Every structure is written in structure tokens, then in C-alpha cells.
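Structures follow.
The same subunit A turns up in both complexes below, where it pairs with subunit B and then with subunit C.
Up next is the complex of A and B:
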């Protein structure tokens, strides 16, 4: 121990590349400004916070664009914080998703009974954690990023303080989340013990090699299980339906898309940079998670009556599809990452779209039951068409975005050319067919059923921010399906440069 | 260097913590069990740090302690919210939503 003391005495501040951390600093600054506006202007500030947050998020995109134009891979703190193509694509996605969530929240939160400024502050804090996660190549940075994105999310899920359902959503999410992160930390402590360093590159060196040291296996399993909770993979999905149903719907959209994507970002980094030499450990584990999530998510989704719970189980099933390429990552290397990122980007567009429709329709029906969508076509034809587009896109029907996402996954698992890969492809194909049933059921309800007696069927008015969100997500879903080169342009090639 | 004994202590604390989370029905006791797991992690980190002659283990442990404080703050707030609305922190009764 003592031998390391002189090294501390001679501490010099590591070089900081301010350009590389500009997106994070911008988000931090916007969060501070939103909080200040709340403190200084009090009630008068309520009118500005939503717009301020949205503008701030768009400003944070500027340094990402300049970093992408610059094109260099930037490393800081001995490789603990890396800005490469992988990080930039995902940072941009997180910020755009957060912008759409702000659009979804504007009226929902303003018309609720609770003070709204903290809402946007917490949202920005969670986004900061996600953006940081995309660059984290070190266990400590990953852990801090994970907590920075989770802790505000626990509060957001329990946002409606007086509503027992929202309390329950927050409590379940919190307990399962903290438990999972504690288990993940125990795994991280074992990996740190093996490597004597927290950087993924050092861990990769320490855990590689064929010996079946139980500490290596335990460490890898615990860390992956910790993140499997975040992506709501079976059997760690039990929090998702209750939290999604009880939380405010814009928060649900945020959890279902951004929080899930952040879990995949961490998994991709771990699998690709952390333990690439141990595919004998992580591949079977991820195979089980992928198959379990696809199948269990689909089968339980078939008998859901609430649209938000349906989306929760559909999200579990979609998580299985996103895990599938990672389960063969040892055989196909970087192409697994391309497939997962493609899927995550398309999934973000179509899933946010579904939640935008759910929020818009709930303004009229104040209900989450699938039966309340009966006769929607009569009074909200535009909404019906959009919802059908998103639903069939989730099911993977061409030419909507979802088909290309599924195609990328199938291509990746078949390319592995192993029994694991082909069995995954077969199970995924069966599940794609099962999924069509419950997505089509919602569509049938909207198009062919009649609205219940006495229901208000004057045409539905939708506030402009929701229209903007619907336009953005709908256009993205169609564009990604008809012209997938928009996505492959960014996702093909070497995304994470290994040292 | 008593690395094995330290790791054993960590593993025992971890197991007690996991048992507590799964078996206890009182919200506050579950929070305390989670703290036990996090302290098992800290013991591991510091023992491994000393074993490798590096301060990184201690730095990681400091991060864990700080974040755990924030987590428990939030957890107690949520449990308090629950108590205000239902006059009970029995987790078995928190079952409005099912399926």
C-alpha cells in the first residue's frame, strides 16, 4: 500500500480534451440553468422550462456533430473515457430520444398536478448519465454513468406522489434496480480483483486465456446479469410491466427506449471491449437471455389487456432480439455491434411513436385498456394510421423500419455459422410470427370495432408538441424501412476501436 | 496478506444481503440488506486494491459509498411516500398491479 503514496503526492491533472466532453458539459449546463430558472422565477418559470430543456438538448447535439465531422478517436484518462464512432452515434440517439420525450412530456406534465421544473432537471440528469455511458470504457465510469441514469429514473417513475400506482411503480423499479446494480458491483469487484485495474482493456487482458477460473465466470455472469435487468431481459423483466403501467406515460416511453438502450450500450462495450476472449462464458448466458426474453415476452404479451403492459412485454421480447447478435458476438465480432445499434435506433423511433399515440389517445379516453381503442378510426383516423404503422413496424412487416432491424439481426446470427446462431435464428423467426398476433389485435380493434355506446366521438384534438413527436417518429420509422442506408451509413464498419 | 479471509467475509456479507432482499418484507430492512451487499463490494474492492498495491480499489470504494448514500436517500424517500399513502411499508401489500 505504502509504495503507492509517492505517486499520489506527485499528482498531476490529466489532460482534459474539452471538445470531447462538450456534449456532457452542455447537458450539465442546461440542467443547471433549468434548476436556476425554477429557483429564481418560481411559478413564472413553469412556462419556459419545457422549451428551455428542448432547446438545450438540441444545443448539445452541436458538439456531437462537430466531433463527428472531426472524425478522430479521442481518449482521455488512460482510455477510461473514449469518444469514437460508437459513442457518437449513441450519444446522438440518446439526445434525440430525450428531445422527443420532452415533446411528449410538455402537455402531460403541465396539465398534471405536480411541480414540473424538477421533472426536466431529473430528465436531463438521466440523459447525462446515458451520454456518459456511451463513452465509458472503465468499470468506475460505467458504474457512475449507470447510477446517474438510474437514480433520476426512480424518482421520475414515482412522479405522481399522491397516486398509489405511481408509488408502486417507483418502489418496484427502485428495489429491483438497486438490487441488480449491487449484484453487478459485486461482479465488478471480482473483475477488478483479477485485473488490478478498472479499465476494460486491462480486464480483457486479465480474463482472457482458457482457464475456467470460477472468479472470472462469476464476475462476468454477475456484471451481465446486472445490465440484463436494465434492458428488461427475461427473467429480470418482472419490474417492467408494473413500472411501465404505474409511471407517467412519458416517463414510461423514456424507460422503454432510452434506459433500455443504455443497458445495451453497456453490454456491447463489455462484450466487445471487456471480455472478448471469454465468449465461452458470455455467449451461452446471452443465448439463454435472448431466447428467454423473446419467447416469454411474446407469450405473456398475448394475454395483456392494457396497452402499456402490452408494450412492456413487447419490449421484453424486442430486448431478446437485440440480445441475439450479442450471443454470437464472439464469432462475428464488430458486426454484432452494428446489428444491435441498427436495431436500437429503429426500435427507438417506432416505440416512441407508439407511446406518443398512447398519450394522445389517453387524453380522450383516460384509459390504458386495449378495448378503449375500439372505433378509434372513426374519430381519429390519422392517429389510427400512425398507430398501425408503428405496430406493424414493431412486428417487422416491410417496408416499415422494423423489418430492417429484424433483417440486421437475422443476418448477424446466421453469419455466425454455428449451431448457436442457427438455433437463435429459428427461434427468432417463430417469435416474429407470434408477435404479429398481439400487434395485429390492437390494429383490428382500432379499424374494425365500433366505439362503445355513449363514447365521445368528436374528432380528437392533439396539442402541437405531440404532433411534432408523432411526425418525427413516424417519418423516421418509414424512412428507416424504405431507405435503410440512412442507418447503415453510420452503423457499418469498425465502431469500437480496440487498443 | 489476508486476502482469502477478506474475500470470504465479503462473500458471506453478500449472501446475507441477497437473502435479506429476497426474504424480508419490510421496506427498510430490504434497503439495509442492499447496503450489506454494497459493503461486501467495498470489502472486496479494498482487499483487492491492497493485494495489487493500487489505490484504484479505494477510489472505487469511495464512489460506491457516495452513490450508495444517494441511492438510500432516494429509497427512503420512496418508502416514506408509500407510508404516507398507505400507512404501511409491508412490501407484500404493494400489489395494485398484476399480470
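Up next is the complex of A and C:
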């Protein structure tokens, strides 16, 4: 029995670069403080948690800025945890998105009489998982990060306990999520079996032989499919509409933006660092996922009557656009990542904006039906203009931010200069026209129709935290469109350094 | 002054309207008079800039190349730059825009369409102006694309909120058609970017969207690829023109749009498409243009005949004018399709003339509608009795529209027909000569439907239902003010077309020469063929 002791004694603690993990540690600390406030102050603490979480998130941005100023790529644990430009941009994005979600949640959660401390605690741990995901270059780390962000999200989706729809949302999300995790784990185990190592760099060496070993092909397919659930790509999107509709709206915003982005982060790392030589396997798969998502998402979105379900299907279609550059990553390399990150950043701004408007309007109408937006222009012109900006930005109309996101995707797929790329470009072009139809339908309701009889049309009052969220997202959407260099400054160039 | 204009002469008038709109956004909606004044002041200031530009242009006396060029970094990562400039082709169109918009503000002064809201209406008008001026001034494909799309949203809302009965359908149809074309056009631009040879920019080789450099850079693209790339642009511009068979959005949009929306649509928006052919598609891809030209010419003459027949079948005055637009733009496209400097000069003239004349006709239709509350020609009649001055103005515009020599319309149609007698050398003469015959028949039909329209609305005696309607009065002061400049220009350009040809000709010849220099001998068309 003692024979195992020397092995333990021989364990050497790996070097820890405290600066590199400072963002994660800060988030962990904030989460702990939020929990402590709950334990110590009990009910009196409720008033502070939201503000505390918001400030904590902003504090977590500080080490990211110092790391970016430092500029060195930092590796830990034998290359399983890497802090490079790619990781920093996405970490910053996750934290800013979480901050906006906190702004969206403040009134919603407080007025809804829900558990507040637990809500923000879980939100923080999900953000921690996402921030970790951005640095993970190892299958185990990725999986841990994924579960760390998913499990709190399952709970948050079911937060409105009294509402069966919210329970359905949480349960459906949980079951589908676990199913996806299982498939992904199976794929990971196959890849690990081949490479004898969980690090992406080692897997890249092991699978890039170009042989048609079915184990390699299955492994790659299963892992990608697992993350396709996370990004709600067709045909693995079926959980999204029900979950989005049932979950509390701020949580929906969080799922639709941050959780989806986390899935893309993992996909980008896998495609670029994990299987760079195997585009013969992932190209057809991602091509089908991209085309299927944008087309099916769009066509189903045309028939939606509920704004949140509409956003769910629009999200499926947008995921298709984001998958498109990855499908040609084998031809254009890092440019594909730049395009996807550009898209994800712009998408985050405009989609959060839509949800901010949805929350603000639902405070009045208490309805998610698109028809409840009728006549909004008459009594809430500011909200109408903002919603139109976000909707047409999602549709990709210049000079609103979305056009540059779409442009980056078109540029990437045309640059590939292959049949796969040109066909994606043509299909994406047609889809962006179809998408306009349902985005414009919301605008039509707000601008062209009259408010229903008996509706309350006194001017709409919006709480300050929502105003802040709307201001942030609206300004970002316009700025990204008019002067895209703000984004490309960060997304251009080599983001993931291959070993 | 000259230095100031060279640096800022284009940027200020382009963005001044947006600034005006932003100021209006901050002012409460019930201060209508203030809103009107701000809008008028902004648009007049833009027009004053236009006059200054014109004076400087005449002073420079260099119509063939770009004046007032600004070249600044914009989106470095895609090598897209903020490049603005005007030459003899874009100058008349920019001036037309700068003229039409303030006239629209004046015309609207006392008759805003339901549901009124002058603040929102005028703000949209100002945003439109930025988009239109920007499109004509942009010399970078991506910048062009952005401005090209900026006009969509305001027009969509203008039709959708202030339009007629069927406005929702018309608004979304307009939007979807145009967006479909421009999405494929964007893919074409990107293909051009990647396929063209890199050029020297700031001392290093780089890819470019610069419209000044692309004619040379794109010469190396294989012809088969050129034909595809041109196809994408053809859809984008052709839908906007609109060419047969993509014209179906136009009658709906025109019929439903408020008067001012129709005027802007006819006077300026349609020209964005034809301008795209003249400025981008043909100079950059001349070989592909030669392949496509017979097909474009065919669609153009179909459009001429189809539009004319469509006019003869209308009962609604506004819809008739809309179909006549399809026919007139057919003449413009025929001129372009000949690929000669003569034909393209005619096309640019045709654009300006159509903008003035059809804009006027839509103003008149709007005023008739306001007085009679209907545009059904079977119920109208006797305008000359009840509102004689308006009736005569209508007659004048109808004559101009049918191409009466001495008025502006003639110089758009006649040279286009003449040019197709003798198209560029690479094109088949027989084909274009048969197009010429068909197009000439189209002018006869045009005379037919316009005179028929005039007979129905202006001649005769008023119907009983309107005979004693006191609200039917002659043209008002704001109407005269809005119309007078257009009427004067129609006459002036008709009597002395050199005013316009003098400016366009050097630029057209230059744009065709660029391709002559860059394309292997024989493949390019002869710039002097039309002479």
C-alpha cells in the first residue's frame, strides 16, 4: 500500500503562471464573494448582488487588458492551457457579454421574485467555463470547460420554477445537452486512443496522416457533432426554440450569445489546432451543417409567431453563417478564424440588443407574440428605432454592424476559391435575402401597423440598467458597421499560434 | 476655396444630411415647423455645395478625370478605402440628387401624406440623400456597396409607413428584390477582389477595391470567370434599373409610395443601377461586357416595348408613369449595351432627362391625387378646365417624356437609337440594328400612351362628381417653387444639350479608353466606333 507513496511524492506541481490565470481566478473570487454575501447578509444582501456581480465582471477585465498589453503567448500544463490573442479576445467578449446579461437581468430577476444570489452565482460559474474554454487546447480541459458552462445553464433555463414551460426548457436543454456530451466524449475517447494524448497538438500529429482509418473519421465527426448541438446547428437545433421560449429572457440572451459563442470557440480550436490536415473529413460535414443551418433555420423562422422562437430560428440560421468559414478553413487557414470571430463579436452586440428590447417591451405587453409589437412606433419610438437597427443589422443591411459580419464570411468563402467555397457564397447570398423577410416583418409590425384596440399606449418607461444595455449594444452595432476597423484591429492576423 | 473644396467638397455634402437628421432626432416631434426648417436648411446647404462644386469643376475644366479626390484609410484589413471623387459622368447625377431633394422638402411643406409625422419623414429623406450622393461619389467598391444599400431602409419605411393601400406588400417587395441583387453583386465584388492582379498601393503590392485601379488589375482575369463575375453585377444593377424581367417591383413600389418617395425613386434611385453599369461593370470587365451586351440589349428593347404596352393597359395615372419608367430605362440600357461612347453619353443624358421628366410627372400625379383623391383615369378629365396651369404643365411634361425634339427627353432616346445602328466593333451589327428598329417602334408607342393619358386627364370636361368641387384649385406657391427648376432644366437641356454632353463626353471616352489600354488588341471595343 505504501508502494504508491513514492509516486505521489514524486509529483511535481506544474509551474503556474498566476498572471495568465488571473481572469479565471477573479471570476472564481467574485463568485465566492457573491455566495458569501448571501450566507452572511441573507435577505439584506439581495440588493447588492447584481451590482456586485457587474463590478466583479468588470474587474475580471483588468487582467485581460494587462495580458494583452504584455503580448506574450503563455502556455501552461504542457500546452493544455494557452493564453494567446485568440483566447484574450474571446475572454474579453464573454465577460462583456456577461456584463450586459447582468444588466438585462437586474430588474427581471428582482421583480420576478426569483432567487437572486444563486442566479448570479451560477451565471458567474458559467462565464468561468466560457473563459476557460477560450484557453483550452486539450480535450479534457475543453470537456471540463464545457460542463462548467453547461450545467449552470441547465439550471438557469429552468429558473422560473412556477412555469411548466420553463421546466420544460430546462429539462429539454439538459437531456439534449447530456446526449451531445456523451457523443462528444465518445469521439474524444477514439481520438485519445489514436494519439495517446489529449492535447490538440498531439492529436493533430496523430490524425493528419491522411489515411482513411474509420476510427479517425468517426472521432472527428463525433466531436464536431457534439459541439454542433451547442451552437444549435441544423439538424441538432431542436432544443433551441423550446428552451429559448421557456427560459427567463435574460438567460435566453445568455444562451443565444455566450453559450453559442463558446461552442464556436471549441469548434475553431478543434478545426484549426486539432485536425488541421483533415479537411477531407470536416469540410463536407461542416458544409452540410452550414448550408442546412442557414436554410432550415431561415425557412422555419418565416413561420414563427413568437418573437423569442423567431430569434431561436434566426440563431440557427446565423450559426450556419458562422459555420461557413470553418468549412473552408482547410484552404484559407487562420483567415477562417478571423471571419468567425468577427461574426461572433458583431452577432453578440446585435443579438443582445434584440433581447434587451424584447425584455423592455415585454414589461409592458407581457407577451412574446410578434403581433404584440404592433404600433410600437406610436408609443415607444426610441425602442422601435433601436429594434429596427438590431433587426436590419441581423439581416446584414449596411451601414449597420451585421453587414460587415456577413461580408467577412463572404470574403472568407470566396477567398477559398473552390467549388465548396463559391457554392457556400451563393447559398449564403440567397439566404440573406430570405432572412430579411422575417426580420422586416418585425419592423413592419412596429412601424406600419396600428396598436390593437384597448392596448396601453402611454409612453414606455425603461429601467436604467436596460437603458444602459440598450445604449451599449446599439452604439456597438452602429460603430462596428460604420468603422469596422474597431473589430478587425483585434481579429486580423494570426490568432492561434500553431506549435 | 479651391483647396477646401478639393479636400472636403464631397465629404461634407455627403454627410451633412445625416448630421441634419441626427439634429432632428434630438428635437421633440411636435415642433413641426422647426423640423421642416432644419430639413430645408440642410438640403439647401447641400445644394449650395453642389453649386460650388460645379463652379470649381468648370474652373478646373477637367471633366474626363476624377476631381475632388479624397483617399483615406477605412477598413485596412480588406484593403477597402474611403475614396471619393467625381467626374463628368457622376457630376450631373450628383447635382440632380442635390436638386431633387430640397424640391421634395419644399413640395412636402404643406402636404405631408398620412400619417404625417414630418420629423420621421424628413429624417428618412435626409438619410436617403446621404446614400444617394455617396453612391455617386464613391470610388471604392465596398464604399459604393455600403452607400448603395443605405438607401434601401429609408425607402422601405417611406413606402411602408406613408404609402397607399397596398403599401406593406410593395415595401417588402422593393426591399427583397433589391437585396437579392445586391447580395449577388457583393459576391461578384469579392470575386473581383480576389481574382484581379494585386496592384501597387502606397508602395506595396496589395489587393484592391479601388475602382480607379481595377480596370487595369482585372484585365488578367480569365474570360470565363469575367463572364460569371459580370453576371452577379448584372443582377445587382439590372434589378435596380429595373430591367425586364426584374421590373415587377417597380410599378408596385411607385404606385404605393407617397409622392415624394415616387419622385426620388424615379429621379435618382433607378439611376444607381444604370450608373453601376457605366461606372463599374463595363470599365472593369469590358470583355465580359461584350459577351453580355447583345443579351442586355435584347432585354432593353423588350423592356421598351413591354413598358409601353404596359402603359397602354393602365387605368391608374401613377402606374402608367411607372411603366413608362420601365420603357425609358430600356432606352438607357440600350445605349449602354452598344458599348460606344456615343451610346453611353446618350445613356447618361437619358438618366438625367428621365430623372427630371419622370420626377415631374410623379409630382403632378401626386398633386392630381391630392385634388381628386383618385388617379383612376376613367374618372379624371378636364384638368385644363379646372386647373389650367397644372394641365399645361402636365402637357409639357408628357411632350418631354415622349421625346419631342427641343425638350430634354429627346436627347436621351434619339442618340441611343442612333448608337445602336453602329455598335462597338466586337458586337454584331445586325443584332443591334434590329434592336434599333424595335426601339424606334417603342417611341411611337410612347407617343401613343402619353397622348392618350393627356387626353384622358387634361382634355374634355370635368366629371360630374368633381365639377363643383371647390377644393380642386390650380397649382399652389409651394408647387410652383418645387417644379420651376425642373421645368426650366427640361427646356434648357432640350435646347442646348451640350450643357450636359460637354461634361459627360470626356469622362465616357476616358472610361472606355482605360479598357482600351488594358485589354489585348481586338478584344476591346472601339471607343470611336459610334462617331
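Just so we're on the same page, the second predicted complex is superposed on the first by the 490 of 499 C-alpha atoms of A that agree within 3 Å, B and C clash if a C-alpha of one lies under 4 Å from a C-alpha of the other, contacts with A are read in each partner's own complex, and residues count from 1 in each chain.
FYI, a contact is a pair of C-beta atoms (placed from the backbone, for glycine too) under 8 Å apart; a residue touches a chain by one contact, two chains touch by 3 or more.
Keep in mind that what you see is a predicted model, and the values were worked out from it rather than measured.
Of the two partner chains placed by the overlay, only subunit C lies in contact with A:485; subunit B stays clear of it. When the two complexes are overlaid on their common chain A, residue A:392 makes contact with subunit C while staying clear of subunit B.
In the superposition on chain A, contact of A:403 is made with subunit C only, not with subunit B. Contacts of A:172 after superposition on the shared chain: subunit B is touched, whereas subunit C is not. Touch criterion not met for A:371: it reaches neither subunit B nor subunit C. Residue contacts after overlaying the shared chain place A:155 against subunit B, while subunit C stays out of touching range.
Touching more residues of subunit A than its counterpart among subunit B and subunit C is B.
In the superposed model, A:437 lies in contact with subunit C only, and not with subunit B.
Touching of subunit A by both subunit B and subunit C, each in its own complex, is seen for no residue at all. Residue ranges on subunit A touching subunit B, taken from their complex, read 1, 3-4, 7-8, 139-140, 143-144, 147, 151, 154-155, 158, 161-162, 164-165, 167-172, 174-175, 178-179, 182-183, 185-186, 188-190, 192-193, 196-198, 241-242, 245-246, 304-306, 309. On subunit C, the positions that touch subunit A within their shared complex are 29, 73-78, 120, 142, 145-147, 149-150, 152-153, 156-157, 160-161, 167-168, 171-172, 175-176, 179-180, 183-184, 186-187, 190-191, 193-194. By the touch criterion given at the top, residues 377, 381, 388, 392, 397-399, 403-404, 407, 410-411, 414-415, 417, 425-426, 429-430, 432-433, 436-437, 440, 444, 447-448, 483-485, 488, 492 of subunit A touch subunit C in their complex. Residue ranges of subunit B in contact with subunit A, taken from their complex: 7, 10, 14, 17-18, 21, 27, 30, 34, 37-38, 40-41, 44-45, 47-48, 50-57, 59-60, 63-64, 67, 70-71, 74-75, 77-79, 81-82, 85-86, 91, 94-99.
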